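Shared chain: chain A. Partners: chain B in the first complex, chain C in the second.
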Partner chain A sequence: MFLKDYISDVYNGVTSLLKGMRKTGYYFTHSKEIITEQYPDNRATLKLADRFKGEVVMPHDQNNEHTCTGCTACELACPNGTIKIITKFDITPEGKKKKAIDAFIYRLEMCTLCNLCIVACPSDAIIMAPNFEHSVFDRSKLTKVLNKPGSKIKEGIE
Partner chain B sequence: MYNQTEIIKDTTNLGPDGELVVNMGPQHPATHGVLHLVVTLNGETIKKIEPHLGYIHRSIEKMCESLTYRQFIYVTSRMDYLSSHINNTACALLVEKGMQIEVPERAKVVRTILNELTRIASHELWIGAMAMDLGAFTPFFYAFREREMITDIMEDTCGARLTMNYIVPGGLMYDIHPDFQTKVKAFVKQFKEKVTEYEDLVTGNVIFQSRTQGVGTLSYEDAISYGCTGPVARASGVSCDMRKIAPYDAYDRVEFDEVIETAGDSFARYIVRVKEMNQSIRIIEQLIDNIPEGDFVGKTKNVLKLAKGEFYQRVETARGELGVYIVSEGATTPYRIKFRSPGFSNLSVLDHIAKGSKIGDLMATMGTLDLVIPDIDR
Partner chain C sequence: MLSLESITKTIQDWLFAKFTPQIALTIECVIVILLCITLFAVLGLVLVLLERKVAARIQIRLGPNRVGPGGIFQTAADTLKLIMKEGLTPDAADKFLFNLAPFVVMMVAMLLLAPIAFAKNFQIWDINIGVLYVSSISSLSVIGILMAGWASNNKYSLLGAMRSGAQIVSYELSAGFAVLTIVVLTGSLQISEIVASQENGWWLFKGHIPVIIAFVLYIIAVTAETNRAPFDLAEAESELTAGFHTEYSGMKFALFFLAEYINIFIVCAIGATLFLGGWMPLHIGHWKDFNHIMDYIPSSVWFMGKTFFLIFLIMWFRWTFPRLRVDQLLNLEWKYLLPISLFNLLLVTVIAIMGWHF
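So, the complex of A and B:
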């Protein structure tokens, strides 16, 4: 009886091993079905999803104008204190004072990319950009000013 | 020349009865995180296991107390990061329950589909990782191939692969991606074809079966008294599926079976999870063609304030029952928040079921408990 069990054990072991190895062999000969991405080499053709949350950016148009009014809704919505908005008062041609942003400070090192600031923004001034290569040598380089120098608010945005 | 026994006598680790204390972790490849097990051995037989926790404690519960009801949801993605979507759903459901926010049908159905996709992704990762603990290297890559499709769907719709934060009180953060339905259907089709590969590679493997069958047996009574939930309890015959007991979102209108095994050993826990993936596919198939049109988020006030009182909501994550408990003083932030995580109770049973077995079997027992350490420590 012992010998019979032993032989059946060996038989079962070998068949289950061959069954598994058949799958492995199939993919060894069908390399087109393998989906591995060759990341640093395919950087030129790499396309991320449109909604990928990489970092917060402030889009500017060709006249160097943005749509941020400095209402600080994003600053209040942020759970980590990532955003700090410094406002100033511009003098309009009519001689009135108008609130505008001086600096939109964004600390990427504190950001958890939760998207709450984007949802809170009433004028769609900030969006998430699909950039993910954030490695730098110094942490201070991750503190960014999002509005470009010399930029101003678009006409008609209150 | 020393012989072997003399070498052991020289060490100072020996207890009164010839016990040897081995520290497993906090950096150990099989603990999948910073779990520290102090294992007392007699020869190769385990006499006692003492888990030491706290290496990845981030005081999430205290952190949530200073965040508003919109903000605290994203933190819960960092607890059980493999079912982060389900954690977010639990918190959103609680806030909706406390404020009587009407959730649109579309949001409910999309949430349910995404929850089930998250559950499949979690079980896929678990199959790969556990098979790797037991020495099989190939299933890891096969499991991650299907998981990659799910993370691609998540990336398209939610914008992130792991910590989605797609759910807000009242519905969803934004509408689903236009390709959502076609991609999910493609995934369902591929999964159904490829799930047989796991059966061939893992389930039918003689080495895998003999390493898991009869190992780490948990009885029906012990599963209840230790507070086990999820696949761990269902493998011992306990009916504890929150989707059946207290349906939330769209679970009351779909047909699926609660998978229950009675053996209670590691192999039964494996079988429960494999069958659960098929049930999740069944739920997705019923819902994916019937996503109702309409709003994706309900009307909410600008500032959310929960009424004074206590609120509790429980959901079924990939690991078991997650409970969220909030004490509110009527302010914009919770007064006290407590998470009942499934991993903690499932870990507490480890000492009981691994006692008396060999140290090699500890890998199989611990692997099938499916521990996620950030969920235990919070």
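So, the complex of A and C:
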């Protein structure tokens, strides 16, 4: 009985080691598996993971329209006070007042890229963009206004 | 045909014709020393680069690729850096032993080069106890490591050196038994005779399963003896910073590093000689035509090919397996490797006596 355990111990050890060697041997012989990005050389063709979180941006469509209603859910969700939304009131053609954003201020230097604002947003107006080249010479350049000048809210978003 | 054998013979004839035997012998010694040092330097550069490239490929990386085409001058640049660095000696260290230790380790590696047959009739010193010489000299390297660990006056160094000592002393046994299986089959300790006995096939193929087991045991034991992962407890980075060479810098560190790689080369060369026929081409029994074709490949190419295959195998181990704990390390040796190798030696002895091998 002891001998049987001993032999099966040796056998299991050897087979598990061989399994590991098979995997690494596969990686060694298949250069297509290499995941290294030669970054400064391949800036043009750089591929980043879909989940990569670089900074918060607000996508605009071709009519310079975004979907931000100015509800400040993101501002409330942000743990660091990164986001500041300044709202204004637009006059609709019917003569009614409608709340809209004047400036979506985003402070990248305070942002921890925790993704809570993206989760909180009810109209999917902001997303995480895969940008990572954030170095600037002046700290004030990291404070960004996300809505483009002259942009307005898309029709039908409340 | 131009071979290393004919070159050495020409040089020797020329020297003995020109000078008196004493002077000729001295000149030969100087040439051998220079060749050895050159081999060391080249091997150090090549093996370190090879290791880094193999590691990179196994870890799905690219490895060094900036210095020179494909990074081939990376290790040369590293060596240049190490030469220019200050060789610091700690204040509280035992200065004499501290400075002596790298040279002891290096000298052991150099001594081990003597009985290795690099090609047909191309050997520095063909002593009749070659295998015994190798196993006795290789156990001396622990002295250099203990010396370095003790003289550094650093607890990490001392712990690393002690671990290394325990490891080398225990794994020496199963490496010795693995070597003995071939000695039993060959009936000789002389390297040239061991190679010659494999003319009709390498021992790995001739000796049935027991020799294959002995080969595996040998590879495991020498991986441990050269302090490489998965047995690199002596320099376990996460626990002991760098083990016995924590306090070393500059060229003294480079000597330790070089000695480590030279030792790998030497144990792989010995392994290739014992189990894979050294410089002997791949011969299969009485297939005359096949054997004749194989003879066209120079013997030095065969030797280097086999040695580098084994080196690659050991590098493969290093980048695949996780490090063992001290108790696991000693368990593996005393509970598994040693009983298996003792039993295996018995089997091989029976095979040798009954003449069951090919």
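Worth pointing out:
By definition in this document, the second predicted complex is superposed on the first by the 121 of 158 C-alpha atoms of A that agree within 3 Å, B and C clash if a C-alpha of one lies under 4 Å from a C-alpha of the other, contacts with A are read in each partner's own complex, and residues count from 1 in each chain.
To be clear about the criterion, a contact is a pair of C-beta atoms (placed from the backbone, for glycine too) under 8 Å apart; a residue touches a chain by one contact, two chains touch by 3 or more.
Only a predicted model underlies this, so the values are computations on that prediction, with no experimental measurement involved.
When both complexes are overlaid on chain A, the residue A:38 reaches chain C alone and has no touch with chain B.
Which of chain B and chain C touches more residues of chain A is settled by the count: it is B.
When both complexes are overlaid on chain A, the residue A:25 reaches chain C alone and has no touch with chain B. Once chain A of one complex is fitted onto chain A of the other, the partner contacts of A:53 are limited to chain B, with no touch recorded for chain C. Once chain A of one complex is fitted onto chain A of the other, the partner contacts of A:128 are limited to chain B, with no touch recorded for chain C.
Legend: residue contacts after superposition of the two complexes on their common chain; A:113 is shown touching chain B, with no touch to chain C.
Applying the stated contact rule after C-alpha superposition, one finds that A:145 touches neither chain B nor chain C. Looking at chain A, you'll find residues 9, 17, 20, 23-24, 35 touch chain B in one structure and chain C in the other.
Chain A meets chain B in the complex at residues 9, 12-13, 16-17, 19-20, 22-24, 35, 48-53, 77, 79, 112-116, 119, 128.
Residues of chain A that touch chain C in their complex: 9-10, 17, 20-21, 23-25, 27-28, 31, 33-36, 38.
Within the complex, the chain C residues that touch chain A are 54, 57-62, 316-317, 319-321, 336, 340.
Partner chain A is touched in their complex by these residues of chain B: 67, 70-72, 74-75, 138, 142, 145, 148, 152, 155-160, 163, 165, 168, 173-174, 177, 197, 200-201, 204-207.
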